[in-house]
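First chain written, first letter: the chains are A, B, C and D, and each begins at residue 1.
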Amino acid sequence: MTSSIATNQTILVVGGGISGITAALEAAECGKQVILVERDATLGGRTALLYRYFPKMCHPTCGLEINLRRLKGNRNVRVMTMAEVLGVSGQRGDYAVKLKISPRYVNAKCTACGDCAAAVEAQIDNPYEYGLAKTKAAYLPHAMAYPMQYVLDPSIIGTADADKARAACKYDAIDLDMRDETVEIKAGAIVWATGWKPYDAAKIQPYGYDRFANVITSVEFERLANPHGPTGGKLLRPSDGKEARNIAFIQCAGSRDENHLRHCSRICCMASLKQTHYVREAYGEAAKSTIYYIDIRVIDRLEDFYLKVQQDPTVSFVKSKVAKIAEDKDGNPVLHGVDTEGYHRYATAHDLVVLAVGMEPETNGIKLPDDILLDSSGFIEGSQDDGMCGAGSATSPLDVNRSVQSATAAALRAIQVVHKTSTVEGAR
Amino acid sequence: MVKKNYAFYPGCSSQKGASASNFVTSINMVCDKLGIQLNEIPDWNCCSASIGYGEGGLLPRLVLNARNLALAEQHLPGQDLVSGCPACWLSTREAAEKLHEVDGLMAETNEALKEAGLNFKGTVRARHMVEVLVEDIGFEGMKKPVVKPLEGMKIAGYVGCQTNRPFGIDGESFENPQYLDKMIEIVGAEPASGYEQKVTCCGGALAFSEPEKSQKQIRDIVESAYDHGAEMIVTPCQLCQANVEVYQSEINKKKGTKLAMPVVYYSQLMTVAYGGNPKDAGLDGHVIQPERLRQIAERKK
Amino acid sequence: MNDLNQQAAAHYGKNFLKEVEDRVEDGEWVKMCMQCGVCAGSCPLGPHWEHSPQKIFRMIMAGKRDEVLSSDSMWMCTSCYNCIVRCPRKLPITHIMHGLAHYAHKLNIAPKGQPTREVARLFWNSLVQTGRVNELKFSLAVYFKDGFVRGIKNALAMQGIGLKLMKAKRLNPMEILGGHKCKDAGGIKKMLAKAKEIEDRRQGFSS
Amino acid sequence: MAEMKTAAYICSGCGLGDKLDIAQLGKIAQKEGKMALVREHDFLCNTEGVQMIRDDIEKEGVTHICIAACSRRAKTEAFHFPAVAMTRANLREGVIWVVAEGSEHDEVRQEMADDYVRMGCAELKKVKLPEGNPNRTQLKSIMVVGGGMSGLTAAFEAAESGYQVILVEKQAQLGGWANKLWKRVPYKAPYAEPQDTGVAKLAAKVSSHPLIKVHLNSTIAETSGAPGRFAVKIAQESGAVTEAAVGAIVQATGFTNYDIAKLPELGGGQANVVDQAGLEALAQAANGGALKRADGKEIKSVVFLQCAGQRDDTAKHLPYCSGHCCATSIKQAMYFKDANPEVNAVVVYQDLRVPGMGEDFYRSAQHKGVIFAKGKASGVEPTGNGCKVNYRDMILDADATLEADLVVLATGQVPSAGVNLDIWDTVVREADGGSEAAKQQKSELQKISVLNLNYRQGPDMPQFKYGFADSHFICFPYETRRTGIYAAGPVRRPMDMLQATEDATGAALKAIQAVENASLGRAAHPRSGDLSYPIVRLEGCTQCKRCTVECPFGAIDEDERRFPVFNEQRCRRCGTCMGACPVRVISFENYSVDTVGNQIKAVEIPDEFSEKPRVLILACENDAYPALDMAGLSRIVYSAFVRIIPVRCLGSVNTIWITDALNSGYDGVMMMGCKKGDDYQCHFVKGSELANYRMSKIGDTLTQMGLEPERVSSFEVAITDNARVAGFINEFVAQLVKMGPSPMKGFG
């Protein structure tokens, strides 16, 4: 990779989740040159780890499939995975971007045959299962991974396992000599589609996420429900593998809270409503879901979905921010609080508690270029010289639909930057 | 060793013959071993505690605390104000912060302080004894003087409320603070793990006014300690110590229970572990005798 | 209605929230409540509150002056600070409860004979006398707060504890004769009187 | 084009060589597949293998290649040969990864691979390299309909990107709803104060932009054509008509407020009850000072009732939530508090819906002293000098009342989307049948039409739900059902101004993309970049109109003689028309009745005594085929008796394929498509539904053939169904085994 392939007409998109993929493709399909960089080993981001989308209960991987097909068919986008932005210099229309490329230890010759994984013995926490399952230290991120190439976990480099992996590969695809690389590329405009991360639930101490096995997060619950996930799609609780039929969903876990995230994360109400469907799907009339909430925020026509859930006799709603969770002798989380509609005190045991965790900007804790403007929660508002913009949930807590709209708009903003650069240059 | 100097605010319950006098007894040896010099604030007054609000308005209560701060500022310049009593610490710290935060309050306070011939500039930091131990001495430092580890003892670390909330010890969570368990380990005993009542309220000042309600709290705190195999409760709080220890007999009388769980201060454990005798540790000041601790204290090394 | 209460009610009319904002400690925070109820669920004595803190906030906003000020609920506060640290809007709930109780007490519409109210009064009186609380006098006062006969009963009921404490040198019978006090008890009294005067003036108490 | 020269490349890597007889596959490609060139390679996707293919293309003049290796979804970087036509025989994910291990399965595994090679070669011979729609233009201007905030934004953003824009606004001035606002909700931190709407500034920038032409007092009288060549008649109020040619259209026609008069129970119609628009008017009149009622009285107390006529489950009012109204009421309550903090402002809400940073705006209002009461209003009565609001206080759990000088009802947004095509269809049918009333109604509908498309399928965009011109897609919100026409702003979903401007910017991009695609003759989403396009042999056409009726995108008109007129740039290349055509005259260069038909026929059907049934699977390439691939990736075993052909959409499945398959001795056919119904997941809207409908009609044919109808079955398969899909296959095959071999065997 050299800087020569990118020019000030190139749009750099940082982040390969749904927003980054969208921004890259939308710009590329307008005829622009795009470089899409992703820190992770695969594109797809957080949505690829979701089981279903609200309100249609369709599968995120379906949209990902279409997007990947667009990507495979479009030569205007160059994808770089395991690439992190180290720094940006220059200005609107003429940026120099320093990237760190981490070693994958597997090159493009990989056919995804899986022989290396079979050979390796070491196991690691599967980073695509939020630690709910293990995977071999040579692994394919997931079935929809792009590029469809295995990765070696750095922990086995220098061990016998790495040599076993190399020996098992018939295609010379394992390269243990890969090292961190730093490259510099040029770009005319930059779209930051760096996305979000689930708020660290352990910080919400009254809920004991760090103490009680059967208190999990909403993103983890997506994995439990997913047939590709650690339980093969069965809703089994972590402590004892028992079927979790009676599930509590706690809203605003970290959101709307000045001790944690000031903002409302927007998606969590819908996510929990959706997840009650999973419970219903698994156990029918024997399912029991309880949503503890402050305000149910399902705006516009998503109201339909809310109404449908309200009519489900297995789902009940309690207007209350749960005060604390304790654990009974059987490992059941017991929720303590007050239903504020009329003031009713409760102490209710559930099989499992799902915390609808808030969205924190992924860039929190990462140094962004000085030019970038952030709001009080760390979401990207734009840049001073308008040469960079945010897209998707890097800009605000957004659902997928709105993230895609935002990313499409961001693609146009980037196009305007390179368009103006070219017209100014043309005029010279 | 150069001693660290602090302006000491004992508080009413730590006076001679008062309910927490054995705390003061035991903290003396701890300070001695750890190079802490406590300099009592001259003519300190009551903080008004967490019950003074009923009759006393906000400004009178602030002024009471400002007086102590002003005295420390004047007589013990440059020293942090340190209290062993959470209620005293909390009142003082809250007052100090509020005076800075709310416009006009400092001026009003000084107007009142003038009546007692004082003025507060606002330079003093109010701290709790445990903060000093954890932050200024550190766990390693606290471990050094241990000569007689309390081996074989299982102790429930009961943190209670006011050393823990709303300020707490730096880096600790409100729901599951770890420092007291660490201190139990440091003195060679075993903390009762999973003791889920560690931050339950003992009823505080309502032990007087609402005995039934408070005693229910106390019963939970003690019974859970039993459930987790503890033979003793340790606490950093004067009011917790008194409430949890003293009312066990009442509960036994009313509810037919047989509670007899000793409740001691962390400073008493430390004193014994540092080689102090029962008197040094103030072990005579208990209604429920911490027998095992006494035995260790009486044992020659 | 007594004088202070009458004057206050007349001055603020239906705008109880304004009255609370002007006159109750941290009262300006009340309006920031979003009715999540985490305070109500966090209170150790919660089950004994007729009106939970968040409900009291709503009642204040709805102008339910008499119900709030005559409520027994805020006197149940043990000052454990659970509500404060969990409140997602960072309302200083403990202080507001103290402030409301104090205000109701000051207007003399707090429930008569409310035990915590009485204990608080006695505690304050004890500290004002000498600058420091005299635990023995305070305890005796608490036992005798409901009258002499009741006091004897209370004292007898608690005498076991008292004796034990004395044995443990944690209750000194000699304290009854005087006990600890501040040297400048006089200055403290004056200072407190001044503070009250300033606060009353600021809050618009004419009397 | 040069003469066709075919080549097959058979890979033995990834274990293919261990599990399969590669030499035999080569022989099949040569003898049965009649490939001019057959090469084997032990690692076809590496540089050397790819170079070998490139050399053949360049030096040997190969024009058509069949890659027999992994799935068409794999190794697309390596197997990228844009100059030749290509097919892929899926031997890895489709054979060795899904057939059970062990030598006892060697025979069926090999047969499966043999067939896929036969199919790949057979398909190849019918495939042409697509060359793109020849009917392309370089017309790149964009028309924006509606000059409100959304329309202004779309116009400005498109022009700033270098595209010519025509902006058509019905009113005499630009600005729309935003003109009526005193201030707007803040977009940026600290999200604390109402802001200037900025509409005047934006309107000025648009009016003076060199690339934008604004038509005021104008509506669209007629729109015809297709992306890249829309012809538009712009009618002025005066009656003058301007004709314009544009490449793409953004419809940003906004909304109206739900009619307050429909809410008498909440005081609609009373003097001191206004909607949010009414309150904005009072605020504009006050100009930052104290707000006064229409009767001149200064307002000292105001109550906002949220969800007025919204979130209604009685079917009387709007069922949805308009999303913006909580923030709007907060903003309006601030108008009062900012002018005079003593005003008592109460917002009665059920759920306060201010997602994202709106939470800060909510806090700011509380800080200013706005009171929020969770409750539900039951009625508003006039009093001597104001109103009394009766409501249920849900926190105090009690009925309560509020006295106010003014009550503001937060009514919802009603989209201005034009004609509802469902109604249109009925009216047209009745009008064509001669009904005078229907004719009258038709002309009324034409008056409310926004675009007046002269499409056979109706004058406006299809509406999705509750009259909004939305798409049904989450990942692809701009996937409208009229190619090259994009809805933006509250016309497509209730939304606030920030979202509307974001949406308008996105819609502008999609319009730009549409004109760029049109200039290259290629497809728009979801088959973006596809250069194939529908080709019709009109001489065989029977004018049955099925293609025009069933096209989900309104791409096909009819001429006077009722022959279909294909507007290729409106087409999304799903092939639904091809599936619909009973005489099979519609095809694509690389996807036709023959490309699939040839594959079906290429499969070798064992005789009825072999106990080896054959099952044809037609699988949607977007969901079912990836699910089958991923079954392979997870090494989930399924029956080796199936032969899978990916299809663009089940809508493109022509029944001839089914009957041909059964005639030639297949024992059964499985069709795998996306979920249908209200929550359909088909990216071509109704592929599964159409397939299902068509199949319901072939039951009789099957019976005539002496076949059990159960031999043809359709399945809804989601992309995550890798395990489930194997179950479907195994059960279906087991059922066929029980049923016995097809009686058609041997007659084919």
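The definition used in the following text is that a contact is a pair of C-beta atoms (placed from the backbone, for glycine too) under 8 Å apart; a residue touches a chain by one contact, two chains touch by 3 or more.
Values in this document were obtained by computation on a predicted structure and should not be read as measured data.
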item: Subunit C and subunit A - chains in contact with each; value: B, D
item: Furthest chain, CA centroid comparison against subunit B; value: D
item: Higher-contact pair (C-beta pairs counted), B-C versus A-B; value: B-C
item: Chain nearest the overall Cα centroid; value: A
item: Computed distance of Cα centres, subunit D from subunit A, in Å; value: 24
item: Mean-CA-position distance for subunit B and subunit A (Å); value: 46
item: Mean-CA-position distance for subunit D and subunit C (Å); value: 64
item: Shared interface positions of subunit A, touching two or more other chains; value: 206, 256, 319, 324, 340, 343
item: Residues within subunit D bordering two or more other chains; value: 352, 374, 395
item: Multi-partner residues of subunit C (each touching 2 or more other chains); value: 34-35, 54-55, 82, 85-86, 89
item: Touch-based graph of the chains, sorted into line, ring, star, complete or other; value: other
item: Chain-to-chain touches, reported pairwise for every pair that qualifies; value: A-B, A-C, A-D, B-C, C-D
item: Subunit B residues within the subunit A interface of the complex; value: 173-176, 196
item: Partner subunit B, residues of subunit A touching it in the complex; value: 205-206, 208, 211, 324, 326-327
item: Contact set on subunit A toward subunit C in their complex; value: 206, 252, 256-260, 294, 319-324, 336-340, 343, 345
item: Subunit A-touching residues of subunit D, taken from the complex the two chains share; value: 13-15, 43, 45-46, 70, 73-77, 157, 160-162, 188-191, 311, 313, 319-323, 351-360, 374, 394-395, 397, 465-466, 468, 470, 472-478, 493-495, 499, 502-503, 505-506, 508-510, 512-513, 516-517, 525-526, 528-529, 622-623, 626, 630, 633-634, 674-675, 679, 681, 683, 718-724
item: Contact footprint of subunit C on subunit D as seen in their complex; value: 344, 352, 362-363, 366-367, 369, 371-374, 393, 395-396, 400
